[in-house]
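Two complexes are shown next, each including chain A; its partner changes from chain B in the first to chain C in the second.
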Partner chain A sequence: MRAFLFECKKLLKKKTTFVSISLSILSVIGLYLFNYSVVEKINKGNIAFYEINLERFNNFVNDSKEEKENAIEAGNTAKAEEMDLMIKRYQESSTNYENLKKSYEKESWKTLYEEDMKNLQIFINDPNGSSIGIEEQLISNFTIRATYEEIKILKENNSKPFIQNTIHDNFLPTIYDNFTGSSLEQWELITKRYGREGFSFLVQLIQMLYIPAVVLIGCFIFGNTISSESTKKRRGINFYKVLPYSNLKIFVAKYLSGYVFLLLFSLLMLAIPLVCSLFTNGLGSLKNPILVYEGSKPNIFGNTLNPIDDQFHFIDYQEYFWKILLFVFLFSFFMYSIYFLLSLFIKNPNITLILLGAITFIGLNISSSEFNPFIYTDIHKIITREIATLTFNPGVSYSTGLKLYLIIGLILSFIGYFKFYFNKEIT
Partner chain B sequence: MSILTIKNLSKSYKKQKILDDISLTIDSPGIWALVGPNGVGKTTFLNVLTNILPADSGSVELVGKPNRDFRIFREVSYLQDNTVLFEYLTGYDHLKYVCDVNKINKARIKEVADYVGMTNYLKKVVGNYSLGMKQHLLLAMAIINKPKLLFLDEPLNGLDPSSAILMRKILIELAENGTTIILSSHNLSEIDRVTKQILFLKDKKIIQINTANYETVYYYLALSHSEKGKLILSENGFLVNEESGKLKIQLKDRSLSNVISILQNHQINIYDIEKEITGSEKLYEELFEL
Partner chain C sequence: MKLFLFEMKKIHHTRAFTIFIFLTVLFISGLYIKNYIQQDIIIANKVQQFSEHRSDVFGDIQLYRKQKEEGLLESETEKKLAVASKLHGEINELIQAIQDKKWETELLTEIKVYQSAIVYQEMKGTFEKSKKDMLDTISLNEELLKKGLPKEDMDLSIQPPIFMKKIVSLLLNPFGFLILLLILGTSITREFEEKNIQMVYVLPVSRPYYIMNKFISLVVIGIFWLFIVFFISYLLPYLFTETTENSFSYPLMSMEGNFITSSHYLKEAMIYSLFYMIFSISILIFFGFLIRNTIVTYLLIIFLHIGNFIILTNGFMYQVNPFTYGMVDLGVINDDTQSFFGTSLLFGASIVLMIMSIYMNKRRGIR
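What follows is the complex of A and B.
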C-alpha cells in the first residue's frame, strides 16, 4: 500500500501529468462548446427554414387570392372555387407550419412528437414495406418503425430529442437503409444527430470512438510508470530495488497506480461534457432511448437483413451508461495491459502510443470474429448489437467483449510481470 | 557471520565477461575502496552484489543472507548515482518513503538531514538541487536506516571541498560505529584519506590489497621564500616539487623536523604545513602499468 501511495504521489506531482490532464480537459471543453455552437446554428437554421416556408405559403395565399379575384371578375366560378380551396389548403399548411415553428421555438416537443407519430403511422403498416423516401430511394420499414417507437418513448418520458437538421420527421438512422448518391448525402444530412443536453452529447461522443481515444491518451500519460524509470538517464526503478520490497510489490504498485489513474482520467473525461452541460442546456433525461437491434434470421437470400420482419428494442440511457461504465473499467484494463507490456520493451512512450493505436486500428478492421478483442472497441455498436447484426454473428456481444478484455488483460499483465521480474537487464 | 561473502561470482554483459569467478569475504567493519579504470565494471559489480543485476553464476551473501532476499535491505544500503532520484519530488518525500518502508520513525529524517547538512533544502524539489545537494540526499537515504553494510558508488562525485570533507568524516564515523562500507571512487587521494583497504578490479577479478605497505608521505609547505627553499632542500637531498605555489616534499627516511630546522637555519619562514599520504596511487600505477 505504501508503494502504491508513493506511486500515486509521484504521478500527481509530475508536471507532465498536470499539463496533459489540463490540455485534455480543455480539449473536451472546446469540443463541447463547438458542438454547442453547431447545435445553436442548426436550431436557428431550422427556424429560418420554417420562416421561409411560411413566407412562401403567405405568398401562395396572396397569389391565390389574386387569381381568385381575377377568376370572379372573369366570371370563372369553377376557377374561383378551386382557388378558394387552394387558399384554405395553404392557410392550413401555413397555420400548421406556424404551430410547428412555435412548438420548436418553445421546445414543446410533445406537439412535435405527436405530429411526427401521426405522419409515420401512415407508413408503418405499408404493405410494400415503405413508400416514403428521398428522391427515388425509399426509407426502410425498419427505420420508420424504429423512428416511430423512439418518438413514442420520447413522448412518454417527455424527453428532449437529439437536434437534427429538420424540425419534424427526425428519422433515426439505422443499418437497414442503403442510400446511394445524392440521396445518401441528403439522408446523412437530415439524420445527423447532435446532442444538446449533457447525456445526449455524451452518447454522441461515444459513437465517435471517444472512449478509445481517451483511454489511449490516458495510457500515454499514466502507462509509463516502469518504462520511464528504466532508461539510461532515469533509473528510478533502482531506487526501489535496494529497499526491502519484493519485485512483485514494486510491480503491482506501479501497475495498479497507473491503471487507477487511467481509470480516474477516463471517468473524468466522461464527466467533463456533463459538467459543461450544467452551465448550458442541462444534463437531459436518463430515460432517453437507445436502439438495440435484435438481429436478422437467415432467410432465403442468405445473410441479408430483413427490414420488415427484423425486430428491435430500446434501452434507456441509464442502462446504456452503466454498460459504458463497466466497459470503461475493463477496456481501459485491456488497453493498459497492452500498453504497459509494450512499454517494457519500447522505452519511448510516443512509439508505444503509435504502436498501440496502430494495433487497435488494424484489430478493429481485420476481422469480425467474436474472439477479436479489438472489434469491441466501438462499444456503441456492440451495445446496440449493430456489429452482431451486420456480421450475422450473435457471438459478438457486450458480455463476450468484457470477458475477453478481462482474460486477455490478466494474461498480458502476468506476461508484463514476468518480463519485469526475469529481464532485469532493463535496468 | 561474515558481512559480505562472494563465491565464484561471474557476470557478462552483451556477451562480454565483466566479472569472472570472483570470491571474496569481508567479515569486519571498516571501509573498503573499490578501484579500477573507467568502464571496468565497478558499478556493475556493486549492482550484482545488491542483486539489481542478476549474476550469471556464483553466490553473494550480505549480512548472512542471500542477496536475492529483499529483506536484507533493512540492514544494507546502496548509494547509487543520482539518476535514481525523482526530480519532481522533494528530498523530504524521498526520505519519508525510505523511512516508511523501513518502519523508521519520521524524527530520524530531521536527524539525518542535519547530519548530512541538507536541512535548508530538504523540502525543495530535487529538480532544483545541484549535483552536490543530490549527493547529500543520496547519502541521507543510504544511512537513514543505520545499515550494517553500505555500498557507495562514486559518493564524492560533484562534491565541493567542504562537502567532500563532511562525506569523509561521515564515512569514517560510520565505520567506527560498526558499519562495513564498500565505496567505489576515482579519487585516489580521497580514498587514501579514508582507508588503506583497496579492492582493485582488474582483468575481471578482484585484487584485495592493504596499501599500508605502499604508503608515501608528502608534505606541502607554504614558505616565505619558495624558490630559495626549493633550492636549499634539493641541495640537502630532498625530493622537492612545486605545486600551486607550495613545495611538495617526499621525506623517505628523514623527519619533518629535519626539514624545518634546515629552512629556519636559512631564515625562511614556514606559513603552512599540509600532510598527504598516498598509497593507492602508486599501487594503481603498478597494477595498471601506467
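What follows is the complex of A and C.
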C-alpha cells in the first residue's frame, strides 16, 4: 500500500502530469465550444429556412391574389375560384410555417414533434405503397419507423432532440439505407446530429471514438511508470531493486498507480463536457432514446437486411451511460495492459503510442469475429448492436466484449509482470 | 555540414525511422496486393449495380404491360413503357459490355443508359440514381472517350496515377503527418530530458545554427519519407500492372465539377505535401524547443492536428488556415485552394515559427 501511495504521489508531483491534464481539459473545452458554435450556426440556419419558406408562401399568396383579380376582370369565374382555393391553401401553409417557426424559436418541441409524426404517418401506414427519398433514392422503411418511434419517445418525455441541418423530419440515420453519390452526401448532411445538451453531446462524442482516444492519451501520460525509469540514462528502477520490496510489490505499485490515474483521467474527460454544458444549454434528460437493432432473421436469400420486417427497440441514456461506464473501466484496463507491456520492451512513449494506435486501428478493421477484442472499441456500435446486425453475428455482444477485455487484460498484465521479473539487468 | 550529417546519423540510429519507412512500404505494398486480388470485384460490383437498376425498370415494364392487357393504359403510360423498354435494352447492352471487358462500348452505352434514365425519371419512372450523379458520369465518360482511357475504380484501381491518388488520400493527411512528427520529434525532446543538450550547447556552435541544422535534417528525412511514399506507389503498379498508355492524363473531377488531369493532381499533391511537411516540422521545432518535454510537446501537437481535422471535416475549410492543406487530397481537388497561395502561406508560417524558435532559445538556459 505504501509503495502504491508513493507512486501516486510521484505521479502527482510531476509538473508534466498537471500540464498534460490541463492541456487535455482545455482541448475538450475547446471541442465543446466548437460544437456549441456549430449548433448555434445550424440553429440560425434552420430559423432562416423557416423564414424563407414563410416568404415563399406569402409570395405565392400575393401572386395568386393577383391572378384571381386578373381572372375576375377577364370574367373567368372558374379560374377565380381555383385561385381562391390556392390562396386558402397557401395561407394555411404560411400559417403553419409561422407556427412552426415560433415553436422552433421558443423550443416548444411538442408542436414540432406532432408535425413530424403527422408527416411520417402516411409512410408508416403503407410501407409498400409510398416512401420518401433523396434525389430518387428512397429512405428505407426501417429508418422511417425508427425515426417515428424516436420522435414519439421524445414527445412523451418532452425532451430536446439533436440538432440537424434540416427543418423537416429529423431522420435518425440507420444501417438500412444505402445511398450513393450526391444522395449520400445530402443524406449525411441532413442526418448529421449535434448534441445541444450535455448528455446528447457526450453521446455524439462517444460515436466519434472519443473514449478510445482519451484512453490512448491517458496511457501516453500515465503508462510509463516503469519504462521511464529503466532507460539507459535514467535508471531509477535500480533503486527499487535494492529496497526490501519484492518485485511483485514494485510491479503492482507502479502498474496500479498508472491505471488508477488513467481511469480517473478518462472519467474526468467524460465529465468535462457535462460540466461545460451546465453553463450553456444544461445537461438534458437521461430519458432520451438510443436505437438498438434487433438483427435480421436468415431468409431464403441468405443474410440480407429486411427494412420492412426487421425490428428494433430503444434504450434510454441512463442505461446507455451505465454500460459506457463499465466499458470505460474494462477497456482502459485492456489498453493499459497492452501499453504497459509494450513500454517494457520499447521504452519510448512516442513509439509505444504509435504502435498501440496502429494495433487498435488494424484490429478494428481486420476482422469482425466476436473473439477479436478490438471490434468492441467502437462501443456505441456494440451497444446499439449495429456490428452484430451488419455481420449477422449475434455473438458480437457487449458482455462478450467485457469478458474478453478482462481476460486478455489479466493475461497481458501477467506477461508484463514476468517480463519485469526476469529483466534482472537494467542497462 | 558535419553537424547536419551527425543529426542525420542520430535519427538513423534510433531505428524508429527505419522501421517507419519499412512499415510505410509494407502498407503501400499490402494495399497494392489487396487491390490486385480484388480486380474481379470491380466488374462484379458494376454488374450488380446495373442489375438492380434493370430489375427496377423491369418491374415498371411488367406493371405497364399488365395495365395494357387490362386496357387501362393511357398515352402517357404508353410513352413511359416505350422509354422503359428502351432503357431496359440499353442496360442489358451495358451489362454485356462490362462482362466482355469492352471499355469503349461500356462508356458509350453507359452514356446512353443515363441519358435515357434522365428522360425516364422526368416521366416519374423508377431509376434510383440522382440526376446530378448521372450528368457527372456522362461528363466523365465523354472526357475519357476523348482521351482514349478506360474508366477506373477510384478505390481499387492498380493503374499508377489512381493508385498514387489513393495513397495520397490515405497517408498524406493530418494523421499520417502526425505519425511522422511523433517519430521525428524524439530527436529534439529527448536531448533536453536526457541532458545531452548541455553538451551540445558548450560546443563552438551557435544556437541558431544548431536549431537550423536540426530543422534541415528533419526536413531532409521528411522529404525522404515523401519520396518513398510517391516512389513505391508509382513503382509497384508500373512493374506489375499492364499500364494504360496516357494514364497520367486520366481526368479527375474537382469539387466544383471541373476536370483536372491526374498528372496535375499528383504535381499539386507533391507540392502541398512538401510544404505542409516543412510547416509541420517547424511546429515541432517550435514546440519542442519551447516546452522541452516529450509528453507535453506531443500532446500539444496531437491536439492541434486532431482539432484541425475535426474543424475541416465539419466543413470549415479556410484558405488562410495553414492546417487546411494537411488534407492534401481535399486541398488539391478543392477549386478554392490556390497552390501558390497555399504554399506561400505554409512557407511563410514555417519561417515565422523558425524565427520564433531561434529567438526564444538564443539566451535561454538549460535546466
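Going forward, the second predicted complex is superposed on the first by the 421 of 427 C-alpha atoms of A that agree within 3 Å, B and C clash if a C-alpha of one lies under 4 Å from a C-alpha of the other, contacts with A are read in each partner's own complex, and residues count from 1 in each chain.
The rule is simple: contacts are C-beta pairs under 8 Å (C-beta built on N, C-alpha and C of every residue); 3 or more make two chains touch, one makes a residue touch a chain.
Not measured: the values here are computed from a predicted model.
S.K.: Would chain B and chain C fit next to each other on chain A once aligned, or clash?
M.R.: Once chain A is superposed (C-alpha atoms), there is room for both chain B and chain C without a clash.
S.K.: Of chain B and chain C, which one touches more of chain A's residues?
M.R.: C
S.K.: Quick check for you: in the superposed arrangement, does A:Ile272 touch first (chain B), second (chain C), both or neither?
M.R.: In the superposed model, A:Ile272 contacts neither chain B nor chain C.
S.K.: Touch test for A:Val214: chain B only (first), chain C only (second), both, or neither?
M.R.: neither
S.K.: Tell me the angle subtended at the Cα centre of chain A by the Cα centres of chain B and chain C, rounded to the nearest 10 °.
M.R.: That angle rounds to 80 degrees.
S.K.: Once the shared chain is lined up, is A:Asn350 touching chain B (first), chain C (second), both, or neither of them?
M.R.: second
S.K.: Under the stated touch criterion, which partner chain does A:Val242 make contact with: chain B (first), chain C (second), both, or neither?
M.R.: Touch partner of A:Val242: chain B, not chain C.
S.K.: Looking at the overlay, does A:Thr180 come into contact with chain B only (first), chain C only (second), both, or neither?
M.R.: In the superposition, A:Thr180 touches chain C alone.
S.K.: Give one of first, second, both or neither to describe whether A:Ile139 is in contact with chain B, with chain C, with both, or with none.
M.R.: After superposition on chain A, A:Ile139 lies in contact with neither partner.
S.K.: Which partner does A:Leu262 reach: the first (chain B), the second (chain C), both, or neither?
M.R.: neither
S.K.: Could you state the shortest Cα distance, in Å, between chain B and chain C after the structures are superposed?
M.R.: After superposing on chain A, chain B and chain C come no closer than 8 Å at C-alpha.
S.K.: Between chain B and chain C, which residues of chain A are contacted by each of them?
M.R.: Shared contact residues on chain A (touching chain B in one complex, chain C in the other): 233-234.
S.K.: Using the touch definition up top, name the residues of chain A that touch chain C in the complex.
M.R.: For this pair, the touching residues of chain A are 16, 19-20, 23-24, 27, 30-31, 34, 38, 134-138, 180-183, 213, 217, 220-221, 231, 233-234, 348-351, 353-354.
S.K.: How about chain A: which of its residues touch chain B in the complex?
M.R.: Its residues touching chain B are 2-3, 6, 9-10, 13-15, 232-236, 238-239, 241-247, 424-425, 427.
S.K.: Which residues of chain B touch chain A in their complex?
M.R.: 13, 47, 50-54, 70-74, 76-78, 80-81, 83-86, 88-89, 93, 97-98, 100-102
S.K.: Would you pull the chain C residues touching chain A in the complex into a rising list?
M.R.: Residues 16, 121, 127-133, 136, 179, 182-183, 185-186, 194-195, 293-296, 298-300, 302-303, 306-307, 310-311, 314.
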